[in-house]
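Right after this note come the structures.
Presented sequentially are two complexes of subunit A, the first with subunit B as partner and the second with subunit C.
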Partner chain A sequence: MAEVEESNKPLFAGLSDISISEDIPVEGDISVPVGSQNTDNDFSTLDEPVKDTILRDLRAVGQKFVHVMYPKKSSALLRDWDLWGPLLLCVTLALMLQGGSADSEEDGRPQFAEVFVIIWFGSVIITLNSKLLGGTISFFQSLCVLGYCILPLTVAMIVCRIVLLGGASVVSFAVRLIVVTASFSWSTFASTAFLADSQPANRKALVVYPVFLFYFVIGWMILTFSPSQ
Partner chain B sequence: MANTDFLLQFQEFEDDQGFTENNQGATTVTIDDPIKSRKQRKATGTSFEEEDNDDKTELLSGEKKSPPFWTFEYYQTLFDVDSHQVKNRIVGSILPWPGKNFVEVYLRSNPDLYGPFWICATLVFVIAISGNMSSFLVNYGQPKFKYVPDFRKVTMAATAIYSYAWLVPLALWGFLTWRNTKITCLVSYSFMQILCVYGYSLSIYIPAVILWIIPSEGLRWCSIVVALCLSGSVLVMTFWPAIREDKPRITIAITSTIVILHALLAIGCKAFFFSTYELDHTEPLTTKAINNNSSINAN
Partner chain C sequence: MSAPQGSTNTNTEPWGSFDDNIIQGSGSAVIDMENMDDTSGSSFEDMGEMHQRMKEEEEVTEEAAATEEDNGEYGDFLGMKGLKGQLGRQVADEVWQAGKRQASKAFNLYANIDILRPYFDVEPNQVRHRLVESLIPVRMINFPQKVAGELYGPMMLVFTMVAILLHGMKTSGTVIREGTLMGTAIGTCFGYWLGVSSFIYFLAYLCNAQITMLQMLSLLGYGLFGHCVVLFITYNVHFHSLFYILWLVIGGLSTLRMVAVLISRTVGQTPRLILCGTLAALHMLFLLYLHFAYHKMVEGILDTLEGPNIPPIQRVARDVPVVANVVVNATIKSIAAIVQSQ
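Now for the complex of A and B:
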């Protein structure tokens, strides 16, 4: 074994002769990026009045409403998602669908909890479905888009209640049918415009169909709503 | 000195052929040419058009190992279908073709959970909506009837359909597995494949239920019989290769159980969700409905 070491020694002997010449200049600057002052300003929102805080969130929600009503291919809904808008819309819709009094014994009209569960549970299942099919959108982004696209249906609900104030006749039914159909297709189209890009091309129909079913069921609940006298 | 030189020098091993010739008990593995195996499958299969995607997934699925069932990727493998594959599977479950086994032809080794889940969900909502619409239409002219949408139908329909779509395949798979220990059978289906077959076979009921909105008893029974024949025959033809080598008594028992359960689901849904018009009506149609219901209850 000693012979092996002796044979190895000449190989590494020359390494000690290598030296870095002092002629090579070393350049560059070492600096710490000074951004800490800006971030301190962003995070210290404790000092601002409460009105500013609330208005900032409301403005963000309102801006997303505008994006839903005019669905261009913008990524604002996807980039900064929030769940305030969907919560607001879901609670409004569930309250209006509840109808108020539970007087009759055969009251099979959907309760608040049922509508709430259908909307949120349905959104979660559709999101899981699109993720399982290989979508690239994240979980909360998809929930955000599906929730915000309920806005046309909520508007239709308000319109239906106003129409029903004038009595329940065939004409009012026809008007409500047209309004609900238009808003349901608007919702489906708006959410498809946001969600379809994140899916592989040969599975788009598989992702769009559950969204269609979801809004169809909500539209059906709105259409068959009859106020209790 | 000589010892270390021997260790440091590169050693040549013997040729492989000498190795295998001496070893007579060696097993050799040959990998089939993919093109050759595809042609073989075409020759033995049926004469419809084959999609390359199905072949590719068949070949690839034999090579990749399945991830454990507690990871998200495992469930992604169960949703590995394209739109046209789902469409073909639905068409294949509606139109029975003699000689085309649904599992062999459409599923191969790629059963999916997308079809069964969403077909059941659609069926649940279609039953609830059609039930509400039919009760509304029947009671339309009556002044003292006030239409109230019955939301409880959704929960009841969901319970019935999903338990049928999950428990019956579970029972059938358990039974077939138990019989496989007694008699060796060439064809054995996995649980996912049986689940998939049952899920897709429910798709014929969706147009049938939509037809039930029209309050005509003859039309309803006619649509039930047609739907039952189509999807029942698909089910029977799918499971026939798995049970035909058994004793004839067991074969007949399983076949008739499959058909009877399928029929019971349809008739039960019809009787439960679509017979609300017997409450206040005084037409002779009411007595026929009551007779139908009593005959079903007597079964």
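Now for the complex of A and C:
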């Protein structure tokens, strides 16, 4: 009996006859409970001690510093961008370049706000320029790279300050010139290594030139800095 | 929409918790997004649709609020009486509006960048070619000369000039009281580029010249290349005679090119004269101003003694008004006498 039935009815024969009549309404109740209490246990960093947070961020910043000083073609700077490092560097540089009071004779020195504005608006303009030229890098990634590549210039500023402690002479000027030139070319080269990959091949020079100008202006501000006596 | 008036009240907070709007939507298969975190991942069509829904819900809540007010204000502050979760809805509404405003701002910013994109579509060899071309006056003025409409070259030239000016101001020891060096340099260069371009464009409009604003910006921007070269040389090598030669030759060449292009696009003697005379005067005088305004003091004194017909423009603090030539020359002579006597 079973065999006859099986031969008469091939597999899935009855399925094509199934149809849903349109009179049967399909309804139900989809409700998604908003469980906001149990999703944060894995990712919440609110409960950890402050020391851990700060150390983690500092470690990330330090790792990026290392990437800048030895610019290999890694994407760590681009992948996890952050703006803490640039802020730190910018504030350090601006503080060191700051002049004395406004009534002093040496009023040609840049003020804190001037350096700050130059660095951030210069970075924004370079980023806009590279985006307009067809770059694939995002806005904040570019800001991050440009900010981190100020590190060699900050190091040069510290060295210049130390050299100037020994008095301002021709030798010290020559030393400072060499140091600043070296660090400025290092900065340009480092940022080019990160930024130029995101541009079409024949337009790299168009993107590199504003970066060169930007670091040139900062390097020149460092070179012409002379502390008040 | 979901304006339930009789379903189960699952209020756990006095103001009506956020769970209300989700659980009470019986029969609706739609997840109510308004009470979730407003992320910016939604597309603009979805946002428009949701905005429509929000508007409709707003109308409903407004009607309910109107009827509620009519009913009297007994302890009604938190909306406990009348429509449940009224404050919750309003808070969610605020969050939604803020998010939408942010998103539309971001959208506008993006749109603005894309407007400028075609003007930056250049190759390096094109830029190089145009830089060199800006110093070569064209010969043919009988039919309109082609002007490249790009903004990359002019912008880079303006920034280069800012850097050169900064260097000149620093080495000449200029003191700026009410402002900063950088601000002055940027203001001067951008002000010249944008201001003079607009002015010449306006004159061109009056004189019926066929040039657009973009082309004028581009033309004047590339004309600054000559200025950059001259300033770069003369801020470092301080010879007045060298400056005058360079001013005439390089400044003259770049002015001649701009003038020739404008002549080729204008008809009639008088309009040509007006337009080109103005442009030539402004361009040459700007270079003269830039050189003398930020010149080294010592060189200025010595050259004054040599050439009595060239009174240098005194570099003084910016808040001092311009004094007469006689007083200036007397001051310089006395200072020079003191310097020489030491």
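One rule holds in what follows: the second predicted complex is superposed on the first by the 180 of 229 C-alpha atoms of A that agree within 3 Å, B and C clash if a C-alpha of one lies under 4 Å from a C-alpha of the other, contacts with A are read in each partner's own complex, and residues count from 1 in each chain.
In this text, contacts are C-beta pairs under 8 Å (C-beta built on N, C-alpha and C of every residue); 3 or more make two chains touch, one makes a residue touch a chain.
Here the structure is a predicted model, which means the values were calculated and not measured.
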A:L206 contacts which: subunit B (first), subunit C (second), both, neither? both
Go through the superposed model and pick first if A:E114 touches only subunit B, second if only subunit C, both, or neither. both
Tell me which partner A:L132 touches in the superposition: subunit B (first), subunit C (second), both or neither. both
Look at A:S169 in the shared chain and tell me whether it touches subunit B only, subunit C only, both, or neither; answer first, second, both or neither. neither
Please work out whether A:S226 is in contact with subunit B alone, subunit C alone, both, or neither, and reply first, second, both or neither. first
For A:V217 in the superposed arrangement: first (subunit B), second (subunit C), both or neither? both
If we overlay the two complexes on their shared chain A, which of subunit B and subunit C does A:S31 touch? Say first, second, both or neither. second
Identify the residues of subunit A that lie in both the subunit B contact region and the subunit C contact region. 107-108, 110-111, 114, 129, 132-134, 202-203, 205-206, 209-210, 213, 216-217, 220, 224
State the interface residues of subunit B toward subunit A in the complex, per the touch definition above. 1, 4, 75-76, 78-79, 81-84, 86, 114, 118, 121-122, 125, 129, 132, 146-153
Across the complex, what residues on subunit C touch subunit A? 18-19, 22-23, 25-27, 29, 31, 35-36, 113, 116-117, 119-124, 127, 152, 155-156, 159-160, 163, 166-167, 169-170, 173-177, 180-183
Residues of subunit A that touch subunit B when the two form their complex: 1, 3-4, 104, 106-111, 114, 129, 132-134, 202-206, 209-210, 213, 216-217, 220-221, 224-226
Touching residues on subunit A, where the partner in the complex is subunit C: 27-34, 102, 107-108, 110-111, 113-114, 117-118, 125, 128-129, 131-134, 202-203, 205-206, 209-210, 213, 216-217, 220, 224
